[in-house]
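In the two assemblies presented below, chain A is common to both, partnered first by chain B and then by chain C.
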Partner chain A sequence: MPTMEKIKLCCAKCGFVIEEYTAEELAAVPRKAKRYQYLKNKSSICPSCLASGRLSDIRVNEESGPVGAPRVAAPASSTAAPVGHEEHAVSPTPMMDAMSQGRFPSHAAELKKTKYPVQMYEQALQKRRTQWGYGGYVSLPGVASGVLVRSSARPEITKGSNFVRIMDPCGNFFSTASMRGLCDIADKYAYGLLHLLSTGGDLELLGIPTENLKPAVEEITNLGFDIGSTGDDYRTSEECIGPAKCDLTLYDTLGLRAAWYKRFLDDVQYPRFPHKIKCKFAGCPNDCVRGCQKADIFLCGVYRDAPQVDQQKVAKWVEAGGDITTVCSRCPGQAMQWESGKGLRIDEDSCMHCMYCSNKVPGVRPGGDRGVAVLVGGKLRGKFGPMLSRVLVPFIKAEGPDYKEVFDCIEKFTEVYDANARKKERVGDFILRIGIDEFYKLSGVEPAPQLLAQPRTNFFCHWEVEEVMDERKR
Partner chain B sequence: MPGIGIPSLEASLPPIVKRNYGKWTSHDHIRPGVIKHDAESGEACYTVRAAMPPNARVSTPTMRMLCGLADEFSEGFFRVTQRNSIEFVGVPVGRIEELIARLAGHGFPVGGTNRSLHNMTCCTGYMHCHLAATDPAAIVKAISEMLIKEYETDCLPAGLKISGSGCINNCGEGSCADIGIVGVHRDLPPINAEKLKGCELPLVISVCPVGAIKPKGPGMVEIDPKKCIHCPACSVACAAFAPIGSANGDGVAIVVGGKSSNTGDGPALAKMVIPYLPNNPPHWPEVTEVVRKIVDTWVANAHRDERVGEWINRIGWEKFYQRTGLKMSFKVVDGYDQRSLEYVRSNVRFRW
Partner chain C sequence: MPTITLSGEPFEVDEDGFIQDPARWNESVAKGLASEEGITELTEDHWKVIRFLHNYYAQFGSAPMVRKLSKETGFDLKTIYKLFPTGPAKGACKLAGLPKPTGCV
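Our next item is the complex of A and B:
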């Protein structure tokens, strides 16, 4: 492999690499050369061991191409303690070292393998308070969302850092080729640290210097990934594993999500709503994506007919020791009855299509009349704290490849939200403020008893004058 | 430049999934951490699930190692689950034990399926957030170490999900989980007059959910300490109200009984049982002790397939406090919530 000369600015005491350049880069890019000179001549504090002093620069010949973030040994001229005493020296990160113990994988150990300024974390643990400062969105020509910055409350350790949000592929499946590509980008431009899956469903690359943002974003998109999901737009949608690996799913969640991106990509990447909107797609009422709790728009697979029972398969399972009694007693509608010889009977009136029997008993499958329910308004904070989402439309047929009916319903809803909500008001707060009855009226959905938890107990219905007059005319 | 959308299905799905897409017939839990899916074609797909570091923070050398394992065992593909586990899909049945041993050698225990402790999710906390009132990643690490037996064996009445959030913004989904650890602030936010000039005052005043921020002369506001509920809404909206929090003011609240599945008693948000515990890095002993108590009591008393929330629904809150030995305080009584949406269903347990 060809080699190239690399110049690394690192801490004189512990060898923590602060910046690294290639020799060509330094010769060709005046801005880099200027920054190199500035850092070299300045007395600074090491983000890893907090020693202050001049940085030392070392030149190494490395194989060109991707390499893992290398930790270099302290140069001979350093003022560090003699090698033999290193064992007894006080660790610069005692808290993180304590956290690296044990059998479970540790984030602290992972952080120490990267260029992340570990003292930001160590100091936070020691002082019991975060050392990061206020953050916001970064504007980059041609990129309307997907790049964030967090400033630092400890500028002597690090000046703050940018990070980009990459929308995860369908089903969160990664090929090793594309993941290695992301690792290369993380090593080249960022700390070399992956936030593999944020709870919102993004992959985050942390610590990209502002001047590197543009090439980093370029390389990410060249790799086939796209960025987005910051600001008041559609956030990255999440779907459950669905038909890729699950036998219970009631519609093609992966296909629906792909179609959703095709139709709404502009709304994902250009903020225009009153507040963020999170979409989640669950294949069945088991709701593995936690959509009922987290999503402003939640599409949940539902079915309307009775569960299909393969009596032979069920009997075989019971014979093999399947605990049918517990399953029958835990059925929330008490709809299941098992008699050996007669088989399993499910009472259609009592069944609430919750999937419990299908989860537990092989041979009980969801029925064939399938579609999606649209629920809106779930959130975990907003103005009025956590709220579960509420049923907007109980049943729509989900038909690919473009899922027009479902997406039209979503679009109609976002128009109502866009036109009526205040700035920075989540969907749940908006519904709460204008009233659920008013909200249904604005949305123009058909009344359905499936919406109800229970009808009202008071009599304070509002009647428009026109409604009453119409009645009289008749 | 952005605008290309997500990678195509063809590019991201492994071959075994492409062959049997939408044609799965049943699933079975072979052993903790290994799930078998059967397809119509008769093909069986074995999935091995391993734990990941808290917050799914993985360095590139570790990731390359995992990629190497995926190349070797699962045709060059892996997936990350909703609860931040890593899954190797389509492992040949004869090589499952080998993969588990290799993963264990690299410090990745296998487990977290069916009736066990699932991998714990959390937010970024002290690692990279200015609002964090606690470090959920460290707490999650401490609890994982404590409950590693529960992670690796199917010994619980039902699945157990524990999540941690650094503040009440709940990015770490504390309110979704069976047991949630949520960071809470107790201090008033500061007001930085200089930075306030850069903010929209009407937005700052309206963003406060309890109207505690009021105008005070031109270009200045004041905070009513009697009204403040220590949500960091103002700190999010305007830099003048950051940084919020202090070493002794911040801490964690414990919530229990969240669940999103429609089985059992249906979806529910977690309810607060302890309003404040102090931050005590690096192992948060007060928090782990409470979690241990709740888990042990649940295991000893719950019926089969009964999640924490359903168990509490059956026995009631008074028995919950009695059996766990926790102390109830008036702080867990909600005087803030005046919503009236009970008339509308929040589940999909329809009757057609």
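Our next item is the complex of A and C:
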């Protein structure tokens, strides 16, 4: 077999190979020669032992094998998920070892405790590029949504992985007993790894082989959970903790979401819309769930009257050193007035309900006339990029237990979206394409000052041509 | 390209089992393909969906949107999944002799 001279740049202390070239390459490719000289003359930190210093170069004669041969042997079996793990578990993982050091909680250490194919992550770190391929949906008879697949760009390490998305209970509350059940399922069928509360607010079990999908889904269903929230349907909604832990909430977010599941569960599990619809429910305008930026449909708790002021509490706070003048000066509507003898006065008409005073001053609570505002069209991705949501209906009374008025409004809106939007068009893109006037006309909403993009600052109104012409004739 | 034999005639199919030539579709083809999709017996409801899909394809040359399908046949999506366990795209379109749909059905 022919031999070729290989030049390896290694850590001087532990011998970890940083880069490797052949002598022919260095002679023929100026780019590589330049990089070799650069790395050789530079002080660098070894990713394996974290020692800093110059790299040493070693020249060895090696038998030349086939070009691009995989470093690790391909697994014999051809099934989907955790196969081949045993062979790769013993391969060295210097980059992940380095990430396991230190006092902080390490994801690398957690991954290594499970059946996750660690070489996929290790190779990604070494090559500085992910080794996973494209993703998609898996068709499981009888299950319309909830099962996904992520294929592998390195089939010699792993063939890919299926995973199921489990819809979380309201408020992301899991009892330890049901969590134990989910852990047993993950140990039995999957990698033994929980991806807790992914960005959509749900829980994913990673790495289920295709033949195990059906029994795994059956066991999850028997446990009282359900899978769903993939494809062009309602995704699992997120809501703030609401009355379970917070004192500022203006309506029962958990109850509303439970009612939402009761009414729209079919639309969560059976994809029928042009694109996904994400819903978020916030208890107050503080918007801890970031619904205004991220949700296609966003229900925000609002109040219409002035904030309630407990004068004694406020006076006590001011006596203890509370800086009431600064709070008053920062009120965006200039609605707050403080006089030491008379107490705090908040003007109802100037109040913008921004929650600043309620957050800062103990004794100022949101007003009593409470309800829900429906906002639509926020998103981060999509054709036209990030958008903030617009008000569809400024105020609806949120009355349990079935919240009929709120959900009728949502259903009417989704009908408009479903009938008029193009394939794979998010709500924000759809509104931008047809125009906000046309959209409000289709939705049939009552005109209100809150529908403007910037209420109280924008005094240009959208008039129909005929209306203006009539005015002129008079 | 693989072929399958239904009622004595060979049919060319793609890797997912969709027949390639919609013009050669007839009712015996649907009956033959039904067992593959986990359907034991084709009822009148099945035929309503299959005939609608086939006629729509013959007229417009593409598969209809899900909304159109459920509106015209009167079945909601859950019922369609009960009739065709693999869903409207994989199950119903295959039985109706449509090529593999790329869109949302």
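General observations
Methods note: the second predicted complex is superposed on the first by the 356 of 474 C-alpha atoms of A that agree within 3 Å, B and C clash if a C-alpha of one lies under 4 Å from a C-alpha of the other, contacts with A are read in each partner's own complex, and residues count from 1 in each chain.
Note that contacts are C-beta pairs under 8 Å (C-beta built on N, C-alpha and C of every residue); 3 or more make two chains touch, one makes a residue touch a chain.
Worth saying up front: this structure is predicted, and the values here are computed from it rather than measured.
Considered on the superposed chain A, chain B and chain C are sterically compatible, since they fit side by side. Once the two complexes are overlaid on the shared chain, A:G53 sits clear of chain B and of chain C alike.
By the touch criterion defined above, A:P209 lies against neither chain B nor chain C after alignment on the C-alpha atoms of chain A.
Residue contacts after overlaying the shared chain place A:C240 against chain B, while chain C stays out of touching range.
Note on chain A: of its two partners chain C and chain B, the one contacting more of its residues is B.
Using the contact criterion defined above for the overlaid structures, shared-chain residue A:G343 touches neither chain B nor chain C, since it reaches no partner. In the superposition on chain A, A:G142 makes contact with both chain B and chain C.
Within the superposed three-chain model, A:D418 lies in touch with chain C and out of touch with chain B [touch as defined at top].
Touch criterion not met for A:G322: it reaches neither chain B nor chain C. No C-alpha atom of chain B lies closer than 5 Å to any C-alpha atom of chain C in the overlay. Residues 142, 144, 423 of chain A touch chain B in one complex and chain C in the other.
Every residue of chain A that touches chain C in the complex is listed here, in rising order: 139, 141-142, 144, 232, 266, 270-272, 274, 418-419, 423. Chain C makes touch with chain A in their complex at residues 37-38, 65-67, 70, 76-78, 81, 85-87, 90, 103-104.
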